[in-house]
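Listed after this line are the structures, all set down as structure tokens.
After this come two complexes, each holding subunit A, first together with subunit B and then together with subunit C.
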Partner chain A sequence: MIHFQAADVAALAPEILLSAGAIVLMVTEVFLRGERRGYQALLTAAFAAAAFEAFAAQSGNPPRAIFGGFAVQDGFATFAGAVVCAGLFATALIGAGFLRPRAAERGEFYALALLAAVGMCLLVRGADLLFVFVALELMSVSTYALVAYLRVGTRPSEASFKYFILGAFSSALFLYGTALCFGATGRTSLSGIAAAGGGRLLLAGLGLILAGLAFKVAAVPFHMWTPDVYEGAPTPVTAFMAVGVKAAAFAVLVRILLSAFGARPFAAAWQPLLEALAVLTMFGGNLLALGQRSVKRMLAYSSVAHAGYLLVAVASTARTGRAAAAAVRGEAVTGLLFSLAAYTATTAGAFAALAAFERLSGSEPQPWDLDRFAGLAKRRPWAAAATAMLMLSLAGIPPSAGFVGKLLVFRAAVDAGLVPLAILGVIASLIGLYYYLRVVVVMYMEPAPAGAPVSPPSWPTDLTLVATAAIVLLIGIGPGPLTAAAAAATGLLGG
Partner chain B sequence: MIETVLFWIFAVLAVLGGAGVVLSRSPLNGAMSLVGAFFALAGLYLLLSAQLLAALQVLVYAGAIMVLFLFVIMLLNVGADEVRQERIGPIRGGVATLTSLAALALVGREFLRIRFPFARPPSDFGTVAAVGRVLFSDFTLPFEATSLLLLAGILGAVVVAKGKI
Partner chain C sequence: MNIPWLTILIFLPMLGAVGVALLPREEHGQHRAVGLGFMLLTLGAAIAVALEFDPAPFAPEFQLQTNVPWVPSLGIGYHVGIDGIALVLILLTAVLGPLVVLTAWKSVQTQVKEFVIALLVLQTAMLGAFSALDLVLFYVFWEAMLVPMYLLIGVWGSERRIYAAVKFFIYTMAGSLLMLVAILYLYYAAVGPAGRTFDFPEILRLAPGLPLAAQRWLFLAFALSFAIKVPMVPLHTWLPDAHTEAPAAGSVVLAGVLLKMGAFGFLRYAFPLFPDAAAAFRPLVATLAVVGIVYGALMCLAQRDMKRLVAYSSVSHLGFVMLGLSAMTVEGLTGGVYQMLNHGVSTGALFVLVGLLYERRHTRAMADYGGIARAAPALAALWMLVTLASIGLPGTNGFVGEFLILAGSWNSRIGGAPWFAAVGAIGVILGAVYMLWMFQRVFLGPNRKAENQTIADLSGREWTILVPLAALIVVMGVHPQPFLDRIEPSVQRLVDRLGAHHGAEVGTPPPSIDRQELILHPVPTTPYGQPPHLPPQFLRRLQELRRHHP
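Coming up: the complex of A and B.
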């Protein structure tokens, strides 16, 4: 009666490791008496690294369905899962530096982060809409609780409430779309939906699924919650939302579009939709970021803008009648995966910078304002240099990982015949130059205000900051290995 | 014969309950209508000889979830006059009506294409044994993922309910 093999369980090794980590952290917290909780962040980081290794060990395996087709093991899921684990690693380190001075370091925080990561890793390998929904909820519920973790003042309360309500709403949209797809085809598995095909009802289901996921990736016009939630959430959680949630949601979006709706009539329907979303998101994010004085809010809009660039890659994967479609699709998925990895490293670092310079006290209003960055080049030259590097990567200036990512994405768009989209993307990222460089200018050109309070230095945060900046620079100088890994990971089961 | 009569009774009750949820001004009446609709649905499941599903419907939906709803409504003491009376303009009303009609047409068209009668389900359909067997064999992965989801929910509730971290 058992419908799975030992190999299926082995394929889930990363998720099992992360779940074990969550349970260990949750249970040990109960027995703690003193204040010695320094091990928690390191343990979380260790479990994240172990899960990363488990994903890396799977990288060469041939793609196959596991657990009766509910999930798959393929290069795409492996790469995206490894990116999620890297994001969790950085989040744990930023969390250590952020929570300890606020006397809020508890096992629950890290356990929830690990559970959210389990949800993300399951999400990227989900091959059945029913299972995708369970994984989506596991990710979302853990994230709601993390956003509500530190509720000092009105802004964090507003953020947690807003994220919970809108997140539940978007999950409901996704679920309704799933129900319509089931009604149209009688299947919930992606391959089953692709085989059955269907008419307008299936298209309506796809539309609702797209809307639900567009909420999660914060695409314009579904981005309204992003600035408030990103600003109100604790900084490590914001970092995790910007890297983990976004990477997982993009991975599952691509899998659903390619596995279930990859056929030409459907691709012809969703490609223009995604192009429009991409243009709106790129310009919306960049234009709204221009006026922000709060760096955290600016990074929130920057994350919206980056969702736009990633949507360009997704739109380029559509199989429309052009020759060499498979090659173009491979190129687009490579660009997407590379950009996800580059964006994860860069954004995790940018939020580490924010956490390093952020005001400690919870008194409101909490302006994570630009003035905090003034004169940093004199006071903390290394941290300032790392932050400058990360801002250059976000802006897409060579040599940085962000530049290579954008290059790959826009080249895939040109090869897919979406030349106007690529040109608009370049224009949008030129707008972005202004606000990213403004941070660098403030750090290097403006003197520190008199009596500026200095945040207590914390080695995990500083380590994350400098390490991510170094990684971003190294990928920018020699993008070969990461590009090769991303190109090898485009094998999508049933894509 | 008796089955048909029972079906119509339960079906009408379910639809009336659903309409009550949408139409009643007082949140308390709406919640009670929902309880009625859930009980009627449980009756329909029984007619399909899905005893476990019927029992779960009553226990989980009509029992646990609706009690929580009523609890919140009474705790917050929301009366009919507390609900904001909003005037819906012609544009919003028109768009909403058109969208709903389009959705109804989409789903309705699919319903019209259904060919009756369906294939008979296996004789043990909806029994505890059958559901348990499927849950722990075919659906192992979603089942285990759901257990993690519940764990995350409990943990999240503890974190959110704590006054101060």
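Coming up: the complex of A and C.
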């Protein structure tokens, strides 16, 4: 029986704020008379900011179990949760600019996004496989609905259906893995599994859990759904999937691997597996992105490739061989957290750019063609400069947040003795350079096609675009504070 | 009061870029004027840096240092400082800066604002890369050079500009990413008592102690990145495209400064950090260098396009630089550094001149010209001067550099050293052939084409660009000592460092003097003031004693 305590409720303040936001939006939507819905995005952003603040207030607290050990409050969860809230903030602003011209602004959209964020925030603090599963489903079900939000046309329904089927499949894998772990140890809590240990059955459970989460982070070869779903979903939702879902899934992956399966025999089993996944994902994502003319599809594959870089960091957390030192493991987790934050800022900005320039009628083929970006340097110089900055950050060119992220990740890999993995990583990012540069080439070096329709500018989208570019640049110039925060969060990883 | 001149120097152009960004879009004249003004201020700061710099042989190695933590948790610092080699290259960069803006004054008419910003940002990145004393800081500046140069080629270039820009970017990036892994490995492997750091002087102390197997890989990773930038054959194929397609101003920066970055990288990083590996790979570097000299020269003979010819001549000249560096003697290295300056001045001037012709006639094919010396006598005279400098006529700067390189290479202890020098000398002859041949085809003979009859001679602005370069050619040719005085102590240190590991293979062979005799009698000196065959600490002490007890 779980006993709630006041302190537990205080620890959950961010989730409670987000849920309250969802309820407020749903209720006001019902009683709305007119068509003025501008407040909804701002309200969502405000709740996201409040939840971010609540997480920030918790940072530095020593780790402690809440809800009788089902969840924890620790620096790691706080950092990852704050990243999710930042992603939600950007999503709300992109959503405002995106939905208004399409006459699709409704409270449900923002409420669903808030609920998905609640799922993510709970996910990153899950300390028990059952709790993790419930949070995973809360996140996933909200996202399924969001993907299908613009019901018009075949693309959204195809995307949503695909995501739902494959998402359900991956949840089933995760659940089956949980069941096997329970069968092997009689526990579902991460610390309990770690204490009990076990043989092949537990390893099989770990494998299934890994496969389930690999679907969520879109690691090759579990990435098949990504391009279609990312392309079919409304752009703000794609942004949220690329940043929020990925950040939360990575955080819980690291927690499960380190808390439940951190012991040496297990680490020796999953480290090579993750190395292989990382290599496949980096190369698969980058190579598949090369041929894309649709910028949205390109960004989808780019997010696959970035999952690969993050997997390098996860593989470097293993306590095997030379990587036995706790400092090395800490470096890898710091690198992962920093990269998640950098990736969130950059990717949110990139999707804001996409939302700013994509063609209005989403039902036509290719509203996201590269041509939409042609000649932007002359028509919209600041937006073009911001987009170029974000592309350079995705490509990992200094001074940008993306560069520092890659530096930290590859440093962790070299420290963990995975030098070949780091070399493969830089070769993969070299491939990636080509398609990121192509966006810059098109914006700066090719003239706009004659009579190309210009998307109406919308201030929330433009604000997100320019602000994220500025943040990415600032983090690139002065990465100290964020690095320190990530390192502090690492030190407080509970379990 | 301690003024951080170096930091001011590095970030002045960046400040200018911000200023230009805030100006209204249509005010092209203001963009150019502000850009020029900040380039001149940068030049002033560079002169201040040069005055602050102490060229004495016993002065500290890295001067004008600033060292503040940047990302303390990772051991990354904002650590800048310069030795003599960096100082002269900084001066070269600062001198070319205003001239580049002037070069583009008329020829760039679209997106002037972005153009000036790109030039200024590039200037900051280049000055920063020469000054950085932290490996991550160096890498950041090194990469930051790429984007503006890429835009300069891709936005303001000629027909095949996008192809050339992307090729340039991907080639250079391929090398530098492997360098990044090598930097990370150094951070991991070279750990001193003070903990892990990216600080260059600290790593310079520790890295030479690494085992040879690790050094080999690290050297290769660094050298690949630098060899692409130099460029050394066979990694040079991006260069002709990039030069040909870039606007004249872009070519000047590319040839004048960016290529030097590669040779500078060898001098500052690849050689002293991994002396054992450097000694092991020296024959390869020297071989590629002479192959580059001859191959570049032969390619020049086959060109119809003037700009492409000058581009291939850069391959040949940078081959000379690398030959001088690979000799690892004081003469060879000094000559290599001096030749870097010469190449920056004379090839920069050549690209300016080709650009002037292109502005007049909109063609770069030599066949479209002929006999225009009559119509534009001043242009022809200056072209001739630059040609002579480029082929190394005595009295011009090129002679000093090439002579030192060939002498140093001949005396070096690399196997078959005279052969390398001899093959290199063939390049000097071929250089005279293709440069004079170009001059003849463009300027001499009858002026047959109607549109060439009225080709305009130099305007006031064009005189302003060319006179400083011509003056440098002459001054550096007849009075090289102030430059050599600054280069030489740094080079001596490098030779000492390499010699400490490979005493038998580095430096000049000792003359046949008995050591006993040497201590009893006054110390004989080489043209560079240092006898080459005793432990350097001992020599310094000896010279100090001699100064105090004449």
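By definition in this document, the second predicted complex is superposed on the first by the 481 of 495 C-alpha atoms of A that agree within 3 Å, B and C clash if a C-alpha of one lies under 4 Å from a C-alpha of the other, contacts with A are read in each partner's own complex, and residues count from 1 in each chain.
Methods note: contacts are C-beta pairs under 8 Å (C-beta built on N, C-alpha and C of every residue); 3 or more make two chains touch, one makes a residue touch a chain.
If you're wondering where the values come from, they're calculated on a predicted model, not measured in any experiment.
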- Superposition on subunit A - do subunit B and subunit C clash or fit: fit
- Return first, second, both or neither, reflecting whether A:Ile475 touches subunit B, subunit C, both chains, or no partner chain. neither
- So, A:Ala386: does it touch subunit B (first), subunit C (second), both, or neither? neither
- Task: Examine A:Ala487 and indicate which partner it touches, taking first as subunit B and second as subunit C; both and neither are also allowed.
- Result: second
- Query: Which angle, as a multiple of 10 degrees, do subunit B and subunit C span at the CA centre of subunit A?
  - Reply: 150
- Where does A:Ala318 make contact in the superposed view: on subunit B (first), on subunit C (second), on both, or on neither? neither
- Message: Between subunit B and subunit C, whom does A:Val254 touch in the aligned arrangement: first, second, both, or neither?
- Response: neither
- Query: Is A:Leu115 in contact with subunit B, with subunit C, with both, or with neither (first, second, both, neither)?
  - Reply: first
- Chain touching more of subunit A, residue-wise (subunit B, subunit C): B
- For A:Met443, select first, second, both or neither according to whether it touches subunit B, subunit C, the two together, or no partner. neither
- Message: In the overlaid three-chain picture, which partner chain does A:Val409 touch, first (subunit B) or second (subunit C), both, or neither?
- Response: neither
- In the superposition described above, what is the shortest C-alpha distance between subunit B and subunit C in Å? Please give a whole number. 37
- Taking the complex as given, what residues does subunit B use to touch subunit A? 103, 106-107, 109-110, 133, 137-142, 145-146, 148-149, 151-153, 155-160, 165
- Item | Interfacial residue positions of subunit A with respect to subunit B in the complex | 1-4, 19, 22, 26, 66-68, 70-71, 104, 106, 108-109, 111-112, 115-116, 118-119, 122, 128, 130-131, 134-135, 137-138, 141-142, 144-145, 148-150, 160, 180, 183-184, 200-201, 204
- Message: For the complex, give me every residue of subunit C touching subunit A.
- Response: 25, 70-74, 111, 114, 136, 139-140, 143-144, 146-147, 150-151, 154-155, 161-162, 165-166, 169-170, 173-174, 177-178, 180-181, 184-185, 187-188
- Item | subunit A - residues contacting subunit C, complex | 377-378, 381, 392, 397-399, 403-404, 407-408, 410-411, 414-415, 419, 422-423, 426-427, 429-430, 433-434, 437, 441, 444-446, 478-480, 483-484, 487
